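Can you read through this structure? Questions will come right after.
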Amino acid sequence: MAACIGLTFTHQHNMSPEKYLRYLVPFSLFGTERTKQILQATPTDDVVRKDADKTQITVYHYDSTHLESTELQKVEESFPFRDQPQVSWINVDGLCKPDVEKAGAHYGIHPLIIEDILSMGQRPKMDEVEGILYCLLNMLYFNSKTNSVEQEQISIVLGQNYVITFQEDPSRDVFDPIREKLKINNSKLRQRGADYLCYTMLDLIVDNYFFVMEKLGACIESAEEEVIRNSNTRSLARINFLRKELIVLKRNIAPVRDLIGGIIRSESELLDDRTTKYFKDVYDHIIQAYDLSENYRDIMISMQDLYINNVNLKMNEVMKVMAIVTCLLAPATVIGGVFGMNFDVIPTAHNTWGFYTAVGAMLLIPVWMLVMFKRRGWF
Amino acid sequence: MAACIGLTFTHQHNMSPEKYLRYLVPFSLFGTERTKQILQATPTDDVVRKDADKTQITVYHYDSTHLESTELQKVEESFPFRDQPQVSWINVDGLCKPDVEKAGAHYGIHPLIIEDILSMGQRPKMDEVEGILYCLLNMLYFNSKTNSVEQEQISIVLGQNYVITFQEDPSRDVFDPIREKLKINNSKLRQRGADYLCYTMLDLIVDNYFFVMEKLGACIESAEEEVIRNSNTRSLARINFLRKELIVLKRNIAPVRDLIGGIIRSESELLDDRTTKYFKDVYDHIIQAYDLSENYRDIMISMQDLYINNVNLKMNEVMKVMAIVTCLLAPATVIGGVFGMNFDVIPTAHNTWGFYTAVGAMLLIPVWMLVMFKRRGWF
Amino acid sequence: MAACIGLTFTHQHNMSPEKYLRYLVPFSLFGTERTKQILQATPTDDVVRKDADKTQITVYHYDSTHLESTELQKVEESFPFRDQPQVSWINVDGLCKPDVEKAGAHYGIHPLIIEDILSMGQRPKMDEVEGILYCLLNMLYFNSKTNSVEQEQISIVLGQNYVITFQEDPSRDVFDPIREKLKINNSKLRQRGADYLCYTMLDLIVDNYFFVMEKLGACIESAEEEVIRNSNTRSLARINFLRKELIVLKRNIAPVRDLIGGIIRSESELLDDRTTKYFKDVYDHIIQAYDLSENYRDIMISMQDLYINNVNLKMNEVMKVMAIVTCLLAPATVIGGVFGMNFDVIPTAHNTWGFYTAVGAMLLIPVWMLVMFKRRGWF
Amino acid sequence: MAACIGLTFTHQHNMSPEKYLRYLVPFSLFGTERTKQILQATPTDDVVRKDADKTQITVYHYDSTHLESTELQKVEESFPFRDQPQVSWINVDGLCKPDVEKAGAHYGIHPLIIEDILSMGQRPKMDEVEGILYCLLNMLYFNSKTNSVEQEQISIVLGQNYVITFQEDPSRDVFDPIREKLKINNSKLRQRGADYLCYTMLDLIVDNYFFVMEKLGACIESAEEEVIRNSNTRSLARINFLRKELIVLKRNIAPVRDLIGGIIRSESELLDDRTTKYFKDVYDHIIQAYDLSENYRDIMISMQDLYINNVNLKMNEVMKVMAIVTCLLAPATVIGGVFGMNFDVIPTAHNTWGFYTAVGAMLLIPVWMLVMFKRRGWF
Amino acid sequence: MAACIGLTFTHQHNMSPEKYLRYLVPFSLFGTERTKQILQATPTDDVVRKDADKTQITVYHYDSTHLESTELQKVEESFPFRDQPQVSWINVDGLCKPDVEKAGAHYGIHPLIIEDILSMGQRPKMDEVEGILYCLLNMLYFNSKTNSVEQEQISIVLGQNYVITFQEDPSRDVFDPIREKLKINNSKLRQRGADYLCYTMLDLIVDNYFFVMEKLGACIESAEEEVIRNSNTRSLARINFLRKELIVLKRNIAPVRDLIGGIIRSESELLDDRTTKYFKDVYDHIIQAYDLSENYRDIMISMQDLYINNVNLKMNEVMKVMAIVTCLLAPATVIGGVFGMNFDVIPTAHNTWGFYTAVGAMLLIPVWMLVMFKRRGWF
């Protein structure tokens, strides 16, 4: 009965399903949430996005010698920047349907593109419509708390002398280096036109993909170490979790390849020939990012194989112990049974050394068996 | 014997094959039915479709200022709408061979297309024949009761100033938003020609795919949660069931890509240049739907892996308990056997504390073993 | 010993390898045969085909108003039909090398094509050589007795005003509907030229693929039901068997796609522009057949997964029962051992109720364990 | 102890690892050797091939009426054949660097091609350089002793009126049918030019691929039969072995497709238009060979699945027996324990029929259990 | 208890998790390190590379008759070599940002290319910018100590009469054969232009890939032998380790294919028509390398399957032993229990030969069972 209590005790603390669930919970619940996000199909004709409370508009208006940076209250205030010879970057943070539509009407953006800007969960794409080049893609961020990849949709509209960017979240973007470089007189960015500004934006977005991948790579690495050290359910949950993040990653990177390829092949007059080379550079980077994400996937598959093998290995170990215990116990149990029979005539039963001989046999036979097993390379 | 009865009892209520079957039945029988539908190969030269009892014909005849909506009794009554400058949408609900053939003869639809309209289980496709643009595809609905995807074939014939749609089921379609918009004077739909009407139809059909996918996504998500919480046969049945729904989904979405791509590449005079942009928008959506269905597939594969792992895990747990029980019992059984032997001389047999010492050893050895196992990280 | 006899008995009737083999035999031996056929690589420069004993030649000679149908004894008798304005269908049943070569010489068929007609196991293909359009493909039949797909090679030679078909087996083909339609004066077939006749043949062959697939689909469906109800070795044999049939199917369908695509792209003068539309229709069908065969494959893979899962499930059930029996027996065995020891002083040994208390403990502990296991969700 | 001896005995003869190894050895060691060959990466700038001891040169010099066949001692003796109107086939057996270089210099073969001729382990390819068409591919032989595919590199140089072939091994090639046909006056081969000779060679090489595949197919078939009858380690070794042979096969066939495709697309003046049709025929054959090798692969995968399933099945059988034995023994052991306890008061202990009742219960309970298991469909 | 001690002992030496970890450690820790390297995503706009302490510049300045080889201290000293009719090879070992930028400015290398030269972890690529042909790829080395593939980035800039190479590590490269050949007057390398020098470099780099693959192939082969002989955790660790090396290999080889393909398609004036043939030769080699790496992958997959099968086999063996021991022990245990019951009337209990009969039965029944099992082909 002691064994049984011990077992029960053990159980409650080590092998109860509840505990496994407890291990799983932080990951798995989040995981289901993640699945929800990945599976999300966005109906595309209705704008389901909740309008932002407040639209922040920032305008950078510059040429190589002058820079003017203004915070605007209304979208209409940005309209005068359109037809000036200097380059303007009009950054709209927080998407508010009426403002975006007003801007679209003024800048001659096609209604379908306005719809795309306002919609959610779009696949990255580029379009050239009526003298405007439009890119929609996602900026990725790595959330260190949840170890997950977050995305924010950004729309870039490249016109004759201006670039308009529409972002969802005013609190973050990846364009701080642009803001820094714009402050430097005669910097390359200040000398070149709006297309170079657009290139710089795409370059920063793609570079940030690498940053996110590096963080994710660190997670994969630590998951691998965990799998090697101790393959438990938690490792499996981590592998599953990371696989989902890789789906998010790939879903964002793969179409950006086409997007940038489209810009390079485009013969739009908005793009200076000298800038094409720069877009080709971004293209090389996005190809590299794609290759890398494939490598990540290979590593994950190989890790899952490793996990399964380790789990099997542990189980095989348990099986071996069982087999050996069963074999070693066999003679002792049988000998005990033999001399426990209630026959009148049991040889050596009345012998003084009988008991010791029997117990000796009980001890020696297992030792001999162990030697045999050892020789056979069983353990 | 108590153990045995207990076992039997347990069995009848918990592990009997019948019970598993009972779990499986609602899903699996339906599943086989589904397989039947998926595997269905439709002979294509004979029209096996049973003729509809009644053909309902509705005509919307409009330009930007006037709208006339009529319910017709006979297909011949729709013929005058053909050669008028306004746009006509002739919606035929319920396919009746003689009516369709009459309409085909009047509107100059090629006999092969008439055959396609009347046939069943066709692969989505588009065709341009003799001044007519023909699209055949399926509308998908999500049946919330059976959690399955249902499909209804629709044929869209775009002519000079008219669009004819042939549907199987009069009780449902996805065109209600069109009916709403048609009622609004000077709405975009009313201002533009028949090609824009055709675009709106395809757009609504594709948008409805997203709606269906969202519902299916919710099923996948709940299946995943079930797999994580409690991996039993029922979860497996659900995974199998969902895999089949994904086959249905993919089978419908993949060829629609080619269909819409074909319309964009088409140089038909029926399509206004301004409308091309709208078809490109639908093309973006269908690509997105396809990508999404691939993501669904990845999630399903990853879920099946999770299921298998969970099932293995549970079994490993059982194995561990067996191994531990076997080991813990070993010394007690052997000690009991040793002192149960009928030798005359058994040391400590006449000692008052002999019994208590033996039982103490029986209890202490398992405790010591538990400590050893614990240290070794066995549980 | 009773247990042992029982076991042996059980064994002979239920689990002996011989029995499994008996299950397997009808399928597996046939299966190996099938593998032989699938793996068959036919050396291509020697004609290994055994010449048919008898060549049956049937000629249909028709225009829209007249039809002449003749059974010929010799291949030479068909030669006059060549240069007449009416359309001739010369159907050669049973391939006899000298006859085929004679016909080839007369109709100007290239020696390489003659070789192809006479060879076996060719991959479907089309060729345009010296004013002749040549198609080689297989007619598929479904053998309901063996549930397997049988194939018969057919060569179709389309010339200026004639179609020559070479078949292996005089007893069957898929052209009966043609024979029916030919009897109808002014039927479309009678009005159009030889290219339309050729289209009708390909259409019937491809339509018959759907018929075969439907039959195979029914087999797959019944196999699935068997797997769900009772996953035994027989189901595995069936799955393996069906996988081989799918290889046969795919091997025949995939290249026919290229064949018909080639006819559509061909600019041969033998093909009327009006007929191209009909070939496109056949092309749509063969694409659909190919898609369907991919769906069949997906269903088979999913079924095999289901099988493996069911087998594992059964084994897990057995493991659980073992674990539970082991645990439930543990206390009874130990208690029996404890009170079986031959010490002089055994507490409660002389107590009248000692025996009943011990047996009571033996019964109560398992019951308590069962309750514990139940609560833990173990079964 | 008897059990134990029995077990040991059993072991030495049936389950010892050594025995498994013995099974594996003939295959596996060879297998590693094979892996070595497959993995062999040949550095390509140094000619590592050991020069042949002796170069055998045979020249066939022919037109439709004359044939001259000569064995040459030196490569220089073949030089006069170059500029004659008749066709010459110069067959060089045994590759000796100085000879090949001398020939290369005379016939205007580019140094890089000379390097290719002398190198080993090259990927099949074709090249057109300076008025010469060069093909490098492998002849495959099936070694019936080791059941493995052997390869011999052959270089075919097609010039204006000559074909030079370079082979490694003088003892064998696949060109005997050419030698036969050359002896026949006015045979097609004798009437046509050097390009037709080149076609005949490629045709024979590709036909021989089918011969090798047929032999390999027979091995696969016999392996499948073995797997079905008796899935043991030996079958696994065979499957692994055959998988490697398939890699060798595919590695040789896949690039030959491109090679012959290249010849067909080539616009070299060396190729008569009439011969193109023949190369297309070879192309059809090599496509067929490739398809077939894919089928072989599918069969192998399906066979491996079968193997794994059979092994699992056997194990499940063992598990079932264990479970049943455990359950059947349970009551007897417990009953024995109950009445073996040393209490003073044991009911029925002094009853004459007590012993027989207990033993009867020991026998009846298992029988009852067997009936129960049977009903539940457990075995 | 002896059994238990033996078990414990056994355990510590043979099956303890620590030991498995010890096996794994040298591989796995390195493995994680490797994963880190493979997963490394390099942000590309900042130059993160640490500047080399010292830049070594070596210039080979040659035409067919003269060779001048100089070690330079400063990058500026290499500038005069630019505009001379002879060919110059300027080899820069150790990348120092200011030096590279100075050289870039002088030789007219685009700033983006300068960035690429200085960056790390780039994907191999080629570019043609402003009269310069730029190749970036990796040289691979095989580290025999760690059995891993190491890579060093090299940038090759081909200008009018010069080739500039930028290497990271001054201590090693694969260009020694070039240095040898340059010393030989009138060698082909000395006679041809800078494009031939560039070809020679690419050829040597690609040839070295084969060298590395051969070494890796030897590792794979020895791993396979280990798997066949003794499938333990160490083998699994090796397989995982090798899989990662194959990812590194493929990652380097695949894009080099595009690189060299790009050079062949390039119409740059820097490339002599005669040299194209040589680049095609390199292209053949890199295709072969790629094919080979695919073969490596197939072998690895097949090896992993073999491993899993062997592990399962071992476990099955253990299971069989368990089953047999359980069955053989069954009768002895039950017989012991039967005659150990404390009934007054036990038949044959007072018989002299009772004990011997019972023990005889205990021995004979297992022997009979063994014979039965044997006949059934169980072991």
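The first chain written gets the first letter, and so on, giving A, B, C, D and E; residue counts start at 1 in each chain.
We adopt the following convention: contacts are C-beta pairs under 8 Å (C-beta built on N, C-alpha and C of every residue); 3 or more make two chains touch, one makes a residue touch a chain.
Keep in mind that this is a model prediction, so the values were computed, not measured.
The minimum number of touch steps separating chain D from chain E is 1. Of all residue numbers used where chain B meets chain C, under half belong to both copies. The two sides are thus made of different residues. The geometric centre of chain C is 42 Å away from that of chain E, both derived from CA atoms. Centre-to-centre, using mean CA coordinates, chain A is 26 Å away from chain B. Contact of a single residue of chain A with at least two other chains is seen at positions 3, 7, 11, 319, 321-322, 325-327, 329-330, 332-334, 336-337, 340-342, 346, 362.
Across the complex, chain D meets chain C through its residues 177, 203-204, 207, 210-211, 213-214, 217-218, 220-221, 224-225, 228-229, 277-278, 280-281, 284-285, 287-289, 291-292, 295-296, 298-299, 302, 305-306, 309, 312-314, 316-317, 319-330, 332-334, 336-338, 340-347, 362-363, 366-367, 370, 379. Chain B contributes residues 2-3, 6-7, 10-11, 14-15, 20-21, 24, 28, 31-32, 35-36, 38-45, 110, 112, 122-123, 125, 127, 129, 230, 233, 236, 240, 243-244, 247, 251, 255, 304, 308, 311, 314-315, 318-319, 321-322, 325-326, 329, 332-333, 335-337, 339-342, 346, 348-355, 358-359, 362 to its touches with chain C in the complex.
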